[in-house]
Each structure stands twice: as C-alpha cells, then as structure tokens.
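In what follows, chain A forms one complex with chain B and a second complex with chain C.
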Partner chain A sequence: MLRNKRNEAIVALLLIAPFVAIYGLIFVYPTIRLFITSFQNAPLIGSGEFVGFDNYTRLWGDRRFNTAFWNTAYFVAITVIPGALVAFAIALGVSRLKGRLQALVLALFFLPYILPVSVVYLIWDWTLNFQFGIAMYVFDMLGVDRVPVFKSTVWFMPAVGVITIWWTAGFSILLFLAGLRSIPVEIYEAAALDNASRLTTFRQLTWPLMWPVTALVLTIQLILQLKIFDQVYLFSVGGRPNDNLVLVYYVFQRAFQYDQGGRAAAAAVVLFILVIVVSVLNFQLTRLSKGRA
Partner chain B sequence: MMTATTAKRLNLVGLVITLLTILVAILWAFPLYWGVISSLKPEDEVVRRYIELWPENLTFSHYYAALTQTQIGIWYVNSIVTAVAITVLTVGSSLFCGYAISQLEFPFRRVLWWLILASFMVPMQVLIVNHFELMARFGLINTWAGIVLPQLIHPVVIIVYKQFFDNVPKDFREAAAMDNASEWRILTRIYMPMNWGVTTALAIVTFIWSWNAFLWPFLAVTKTEMMTITVGITQVNDAFGVYYARELSAAVLAGLPVAVAYLIFQRKVTEAITLSAGIKG
Partner chain C sequence: MAKVFGVAMGAIVAAGVFATAAQAQETVTWWDFLSGGDGVRMKQLISEFNAAHEGDITIDATTLEWGTPFYAKVRTSAAIGEGPDIMTYHASRIPLAVSQGILQQITPDDWSTMGLSQADYASATWDAVTVDGKQYAVPFDTHPIVLYYNKDALAAAGLLTEDGKPKGLDSREGFEATLKGLQEAGAKFPLASTTADGTFMFRTVYSLVGQQDGELMTDGEFLAGDNAEKLENALGVLQGWTNDGLQTTYTDYPATVALFTSGESPMMINGVWEVPTMIDLKDQGKLFEWGAVELPVIFDHPATYADSHTFAIPANAGKDMSPEKKTAVLEVISWMAKNSLFWATAGHIPAYGPVTQSADYQAMQPNATYSSVTENMIFDPKSTLAGVAGPIYDVMSTYFVPTLNGEMEPAEAVEEIKYELNDLQ
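Then we have the complex of A and B:
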C-alpha cells in the first residue's frame, strides 16, 4: 500500500505544532536570551549594553559566588553518595519483605518524596525547633547541648543535607528495588548450592549486578543536587542566607534582590555548563562500560 | 549442602534484618506523624516540655482557623487550576508530538528528536531570569498563565510516549490503513486506547510535580491572593505569629492532595517514576 507522503507530513506538522510552539517560546528562546544576557550589564527586566566577559570575570572575584560554588560542592558531597548508600541499604531490607507488608513499608519510605518542599520544610522546622522541637527533647535526654540548627553556619548544610536525603531517598529506593527485582533468583540458588555465605553472595553477586542502577541513581542525584535551591532558601529565612548560598540561590539573589540580570545570567551559564558536562560525561562513561561488557 | 544449624543462624539474621527494616521505616515516617499529630493538639499542649505521642484533647480548631483566617482556600484554587492546566497541556502536547515522532515521516524529524533529548539535560532553574523577563513582558506576572507557561517543558513525557508508541506492533497500523482510516482515527482509536495505562501514570506524576513546584510559582507571584498553596504556606507564617499547630495544619492541608493521590494510585505513581528515571541514564 502506498502512503501519501505529503498528507502524512501535514498531519505530523499539525500534531507537533503545539509542542514546538511551547518549546520554542519557553525553552529555545529563553536559552538563547540567557547567553546574550550573560554578556550584558542588564537589569532583571530589559536589556543592557554589551560588556564582553565582564560578568564572568566578576564572578571569580565575588566572595558570595565563591561561597555559593563551594557550598554547592559541599552539599553534593554530603548528599549524593551517602544518600545512595542509605537508599541501597533500605532497598535491600525492603526487598526481603513480601506482599502487603512490603507495600506498606515501601509507602512509609516513599511518602516524604511525594510531598511539596514547603511541607517538608514546615515539618522539619518544627521537629528541629530550638525551643519545642521533639529532636531537642531527644538531645536533652542524650545530654547533648541544644543547637539552633538553621541559624548555625556549621550545622546548616549537614542538617539540610540529611533532610534532603530523607525527602528524596524514596525515589532512589524505588530504582534500587527495581534493580534488585531484575536479578534472576536462579543465581542466588546456585550461590546457595555452593554454600556461599550471605556476605560473599552480596559482595560477589548483588553488588556487581547492581552497579548499573547505582550509577544511574548517583547521576540523577548529582544533577538534582547541583540544582538545589528550595530547601536552602526556605531554611535560611530568618537565618544567615549569605553564609548558606548555593548556585541557584546566587542567581536568584543577583536577579531578584539586586536587579542584576546580567550577572545572574553569567552565574546561571556556569551552572548550565556544569550540569551539561556531568550529563555528557555520564553518558560517555555508560557507553564505555557497555562497550566493554 | 547447608547444615541445619547454619540455616537456623541465617534465618535468625534474616529475622533481625526484617525487624530492623520495619523499625527504620517507622522512624522514617515519624516526622510526618509528629507533624500531623501536633496539628491536632491545642496550642498549650503543642509546647509541652515532654513528648506526648497522642493529644490529650484532640482538636480540629487549627484547621478551622487556617481555612477561615488565611487565604488557603484561594491558594487551593490556584494550585488546582494551574496544576490541572500544566498536566493537560503537557500530556496533550507530548502525546501528539511523541506519536508524530514515533509513527510519521516528516521533515526534520530526527533534528526535533535530538533537540528534545538534549533539552532533557538542561536544568530549568538556569532559565528563571529569562522566564521572568518574558512573562513580565507579556504582563503575565501574578496570573495563572504566568505560573503555568514556564512549567510546560517536561521532555521526559515525550520520550516515554515515543517508546510506548514504538512498541505498538506495526500490524495494527497497516490494518487500519487498509481500511482507509485517517491518521487522526488511527491515533485516537488505536494508539491512545492501547496506551491509557501510561497516559494516566504520566498525568498523575505531572500533576504531582506541578502541585509540588516551588521555585517558579514563588518567583512568578508577588501577591498573596495569587499564590499556589505550596508557596503560600511558607510566605505568611508571620500572620500566624508563633502558632505552631496552625502552621502545621496548613502544611497538612497542602500535602494532603498529593499524599492521597499517591496512596490511591501507588502503583501508577511508582510505574511512572521508574519509567521517567529509566531514560535519564
């Protein structure tokens, strides 16, 4: 049967039109504008004059950008790998359970992930409240001094990191569980026949077989945490925002609090490139490891 | 073969791990329980200097106060309208586009596909400055449309659709073409019904994503009466003074719809989330 090529193309163009229109307006155009703005001394709204690489060179001399950059790196370090380890351990535990009990336990771990960040913020702000938070009663019982967690520069990032792991672990647990389920039972039966110990089975079978999923979880978490903003912003209110800056927070501050669209755009481009580099590296690495297998 | 004693020992270890998992799960969800239970206590019980796991006098007065003395009702409306609009527009436009890319021949098809895959890597947060500029130029700050528009890019929805349409056997299409069915008919009578499962899964998670969105709705709105509930409950705590229980009741009200949606559609939600992640690698 002959297909009417021209007719088909017209139908196709009508079908892609809504998406392409949205995509052009909301994605392609703003992305191009982002790069142009980053070379201008523009305010938040409206354009400015071209100033070459001025906005970029000023980033390196800016102490706040420095803080934002290193805080983001610190945050990534304390959440990505520890978060994946916690999720993996939980997934191993959950995978042993059966039926309804498994569904219930999984739901308990997954529920935080489904909640809006502002709800997570209010719940933890209450739990860690200096005067009445239940965590402080626990501190008292253990004989530890109470800490105003979100007002202390030392405690802020680790606390937000732990809360973020609590909030997002459900997602990683889900991926690890899917990975564990895809391992054929026969492999374990064979290992049991060989009288392999629980630890050996884990080290020589589960761990290597789970490596692809682990790499996936690590990449997703890495990209996610590079873009951190919401929790840091919310917990900083009434605290010390300038000590807690992260990259997106810096962009927000420059653009929306200092009306410096150009300098904000330059910082945004740095983050943009960072995320793209991580994504491409990961893509190449997975391709390489697949090529070897 | 395993001896009886080692088998027994292993079972004991297994039991300990199982109990530990359940214990950790309970501790994990405890902050949620504590938030809900605190919102059901009178303010004087909330600030008692010991741990009270169940309220002495259970009360819904904070919910009543939050609903009548704050703008939470309007925020609910704003959240529902914008989240539904984002869901319908995103899933609709992605379904059509995914179908065209998967099933039809047209110029620049591959280019479009590569662009969509590439945009998957771009963090939307970096576009806030230019989104704000664009929405301000259209006069859409503090409007529903201004909240909705920049949230319509979810490349992953198209990617999932294309995969599912790719997997529909070609026989269906050829049989329909024999009957001279139009492309529209083939899409709406064959491809869409065959993929209702993935459509509902994608719609539910897109709704949850939109309901939970914070950064953009926070930037796009400066008037309290235009806020979504996710933003609203963090912006007016000064109006509550130090009424912790009332603040928490607002949080419970904001989280309830997505929590309930998850508990009802648990399987769909986990399916959609695993699907959307499978591609991310």
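Then we have the complex of A and C:
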C-alpha cells in the first residue's frame, strides 16, 4: 500500500499542535523567563535591571539557603530509601494474601494516598499537638515527657518524613505489587525444586527481578521529595519557619513574602538543575548496578 | 418560526432592560481577610450597607485567606488590573504596598468627599497610614493585644481589686505575684501564651520593648544601640515566666484560646479580636465571668502593640477607576467609618473618633475598659519589611519559639535576630 508521507506529516503536526502550543505557553516560555529573571534584580511582578550572577553568588553566603539546602538533603535521605523499603515490605506481605482480603488490605494501605495534604496535616496535628494531641495523652499515661514534635528542630524533619512515607507509600506499594505479579510463578517453582531457601530465593530471584521497579520507585520518590513543600509549610507556619526551610519553601519565601523575584528565580534554577542532575544520576546508577548492591 | 422569533426578541428586550437597570447601580468589588468572629460582623455591616443603598451601590464581597495568601493575591492581581475596587489592609503593610505602587493615594479631596479628616483619628493611627506625608488608606479600627482574665478564678484566689481588675498590673513584681498566687491556687499554667507561634508572641515582646522606649528600627538599622538590650530584657522576662512554670509552653494559637476558655489557664494575652468568641460563649452559658484590660506595665510605662485594619483602594494597573465608581467606593468607606460602632462588638477599637467618644461606645464592656490603650499604642516600624506575615515576623518567630520555651538564651536569640534582620535589607 502506498502512503502519502507528506499528508501523514501534516496530520501528525495537526494532532500534536495543541499539546505543543500549551506546553510551550505554560512550560517552555515560563522556564525561559525564569532563567532571564534569575539574572535580574526583579520584584515578584515585572522585570528588573540585569545584575549578572549576583543572585547566584548571594545564594552562596545566604544562611537561609544553606539551611534549606541541608534540610532538603536530610529530608530526601530519610524518606526516599526508607520509604521504598517500607513500601516493598508491605507489597511483599500483601502479595501473599488472596482474594478479597488482599483487596481490603491493599485498600487500607492505599487510603492515605488519596487524602489531600490539608487533611493529612489536620490528622497529624490532632494526633501530635503538644497541648491537645491524642498521642500526648498516651505519653502522659506511659509517664513519658511530652514532645513538642513540630516545634523542635530535632523532631520536625523526622516527623514530617514519617508522615510523608505514611501518606505516599500507597502508590509505591501498587508499583511494587504490579512488579511482583509480573514475575512468572515457574521461576519460583524451579527454585523450590532446587531446594533453594526462602532467603536465597529472595536474594537471587525476587530482588534482581524487581530491580527495574525499585529503580523507578526510587527515581519517582527522589524527584518528589526534592520538591517537598506542602507538608513542611503547613506544619511550620507560625512555628519556626526559618529553621524548617526546604528549597521550595525558600523560593516561596523569597518570591511571595519578600517580593524578591530575582533571588527566588535564582534559587529555583538551582533546584531545577539539582533535580535533573540527581535524578539522571540516580536512574543511571540504579540501571547500571542492576540490583548488585 | 414567527413564534420563536418573538420569544427571542422578548428575551433581547428583557436583557436590554436589565442592562440599563444595572448601569444605574454601581457594584463595588470588595476583598477582605476577615474570617473569624469579626468576619461574621463585617458581613452584617455589608448587608446593612447594601440595604441602605439599594438601587444605588452594591458591595460584592469576597473573603480571602488571611496573611501571605491575601497579600500575594492583591499584589499579583493589582499588577494586571484585576484587583478589587476596595480592600481591607493592615496598616503595618502599607510601607511595602506603597513601595510596590499598588495603593492609590487618598487625596485631600477624597477625605473631604468622605467627610472625614485627620482630627477624627488618633495621631498614631493617622501616622500608620501615612507615607511621606501622604495617606494611602483610611483607618477603620485599631486592634491591640489585651490581657484577658477569668474573674471567677481570680476572685477565688483573692486576686481581684475592688473594681474587678486583676491585682498587680502596675509592675513586674506585682504581676508575677498575681501569676504565682494563681499557681498556688491550683492553676497549672496561670497564663496562656501562644509560645509555639512566634508571630503572635511578637506582639507581646514588642509591647514590652515599647514599655522601655525601645525601638526595633532606628535610621534604617535594626536594634541599634541599647535597643538590643531592651529586646533581651523583654525576652528575659517572658522566658522567666516559662522557667517558673507560669505560662504554657509550645502552645499554638487555637490551644491558647482553648486553655483560657476551658478555664484551665485563668489569664491570656491575646488580640481584642477574641472578644466576640468570649461574648458568644458567655451568651451560650459556656463561659465564666471574664474581663479584658490593658497589658500590665512590666517595665517603665504602659505601651501596647497595635495594628490597624484600614480600607485601601488598589491601583489597578492599566485600568482607571471611573469617577462614579470612585464616588461609590468613597461612600462605602465613609459609611463604614460612621457606622463602626457595631464593629466594636468584634472587639476592635473603631478608629473613627466620634464613634469611640459616643456614649453608646463608653457603655460597651469590656471595650470601654481597654480603650485607654489607644493612648499607649505602638505600631510596627515603618519599613517595607514590616507587617503581618512579613519578613520581620518570620525572623522573630523563628527565634522567639526556642527562647520562650527555654531552649535558647535571650542574649543568643537577640544576636541572631539582629544579624538576620540587618541581613534582610
């Protein structure tokens, strides 16, 4: 059959044109403007004079940016790998269940994922509030001193980390479960015939075969947690915000509270590059290592 | 076919009639950030205004989220000409707004159109809306912080004076004796303080700095000279209360109010905007006898932090306000000022002098008791960094929380605050 190549190209162009137009308007164009603004002494609205690399060099000596950077790194460290491990463990457990019970348990673990962040915040504030939180009464009963979880710098990040894992594990569990189901049963039967122990089966079969999924989960989580903002903002408003800063919060603060669009843009560019570099690096490393940890 | 045509014609004619009717009436788009007990009262004022101006002016009001969300929205929408016709604004945020060019000046002509003048306002309040000799908003109220107290609990402990006020309001020793007396009488935490929320404690700390004639900003420098020491003194007193178990620790805003209204803490320092909460609870029979007075004098003389809700007209970029619209907006502001007696039930002190001097206001309780505070009010420093939900608030909050809960020494906190504030510029 003969095809009219030119006609096909036109149709293809027509079909992708709406997407390209929207993508260009709401992503490419603002991104270019972001880079330009980051070199300007600009307020939140409008542009300013060009100041070269000033906005970037000022980031270097900014204590607040420093706090935000290390807090973000800390948050990524306590959520990405631990979160993936927790989800993997739960997925292994759920996959052993059968039928309706499995559906029910899976639904229970998935439930927090559908909650909006504001609800997550309220639930945990009711639980851990220093004066009226339910958990504090448990502490009192056990004779333990109450802990001002969201008002102390020691407890803040770990607490928000645990809450984030609780909240977002559902999605990772689904991915892991899909991965586990795609491993052919025959492989396990063969391993059983060879008298392989459970541990060996897991180490030699499940773990390497699951590696592509694990790499995917890790990459998704890494990008997500580098961009952490909502929970940190909600839990620290009115408390000690400058101690709990993360990178996106820093950008928000500079732009919307301090009206310094240029400096905010510079921080956003740094975050942008950071996310690209770290996630590409992560994906390549996990792909190359193929589970040979 | 003819029938359909007839119906269509009728619809067009009807639409035309409605359109002309609508033109005769000015709709004033209004934004505010009042969502608590005062929001309810503002909605009532607005509906009264609409009823009194039927067929003439209608206020179309929207309430937005207080703080950063409100001010970020005003900023961005004014820049593209999509702001409201009138909005509530904190006086403390006016210097920043003027530097951004998002407020229209209230000209002398505007003042005379409204029938209001400088003589109607307290000088501190008038000054708070003035930048470089020009006014950019019309003060509607002032809202200081006050000391709420549980009359029943204080009476039981023998700590009420004959005129029903707490004992020891004139000195640090006196007030601390009252707090200790309450502690001995069985109150676990005599004073409910918002110690988990530095932005609220800012008002108390700033009042105590003002009681020593301290200033946050002098000649564009933060905490210069002995002002740093005065801040340290203020923090020292408040930290002392924490160390002696006289005030609640790590307590956020809702918990503070709950500790007071549930009777657990017999005293609370909070804004006058909680007055409606108390009045409403009392009406439902769920509250003890209560009162509110000016803050105790801990240092040299009385001084209380206050801010002011004002009405401002945004400078919508590329969109000139028609003279008819402007007249309607000025009528709204003028009417609100002259009818602000009802606003006093929200706890706020009306800014318009003739209202607070009226016999009706003087008979309102506890408003009349704490209205003496008007003479001792101090406002935020005139800086683009000042104002509710602004950078100064953030810096202060971050160091107040550890200091007031005993994690950090006042001297260290002052050092850090000074460094960060001067670094903001």
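List of remarks:
Note that in this section the second predicted complex is superposed on the first by the 260 of 293 C-alpha atoms of A that agree within 3 Å, B and C clash if a C-alpha of one lies under 4 Å from a C-alpha of the other, contacts with A are read in each partner's own complex, and residues count from 1 in each chain.
As a working rule, a residue touches a chain if its C-beta (ideal position, glycine included) is under 8 Å from a C-beta of that chain, and two chains touch if they have at least 3 such contacts.
What you see is a predicted model; the values in this text were computed from it and never measured.
Shared-chain residue A:Asp243: touches chain C; no touch with chain B. Judged by the touch definition given at the top, the superposed model places A:Ile45 against both chain B and chain C. Using the contact criterion defined above for the overlaid structures, shared-chain residue A:Leu271 touches chain B, although it does not reach chain C.
Touched residues of chain A were counted for both chain B and chain C, and B has more of them.
When the two structures are aligned on the shared chain, A:Phe132 is found in touch with chain B and with chain C. Once the two complexes are laid over each other on the shared chain, residue contacts for A:Asp259 go to chain C alone; chain B is not touched.
In the overlay built on the shared chain, the residue A:Lys151 is in contact with chain C alone; chain B does not reach it.
Once the two complexes are overlaid on the shared chain, A:Met210 sits clear of chain B and of chain C alike. Contacts of A:Val80 after superposition: neither chain B nor chain C is touched. Of the two partner chains placed by superposition, A:Leu222 touches none, neither chain B nor chain C. Residues 44-46, 129, 131-132, 256 of chain A lie in contact with chain B in one complex and with chain C in the other. If you check the complex, the residues on chain B that touch chain A are 1-2, 10, 13-14, 17-18, 20-22, 24-26, 28-29, 31-32, 34-35, 38, 46-47, 49-51, 89, 92-94, 96-97, 99-101, 104-107, 109, 112, 115-116, 119, 121-123, 125-134, 136-137, 149-150, 152-153, 158, 174, 177-178, 183-184, 187, 208, 211-212, 214-215, 219, 230-231, 233-234, 244, 247-248, 250-252, 254-255, 258-259, 261-263, 266, 269-270, 273-274, 277, 280-281.
Put simply, chain A touches chain C in their complex at residues 43-46, 63, 129-132, 148, 151-152, 238-243, 253, 256-259.
Every residue of chain A that touches chain B in the complex is listed here, in rising order: 1, 3, 5, 7-9, 11-13, 15-16, 18-20, 22-23, 25-27, 29-31, 33-34, 37, 44-46, 90, 93-94, 96-97, 101, 103, 105, 107-112, 114-119, 121-124, 126-127, 129, 131-132, 134, 137, 166, 171, 174-175, 178, 192, 195, 198, 212, 215-216, 219-220, 223, 226-227, 229-230, 234, 237, 248, 251-252, 255-256, 261, 264-265, 268-269, 271-272, 275-276, 279-280, 282, 286.
The residues of chain C lying in touch with chain A in their complex are 68, 72, 75-76, 79, 96, 100, 196-200, 248-253, 255, 258-259, 385, 389-391, 394-395, 397-399, 401-402, 405, 407, 420, 423-424.
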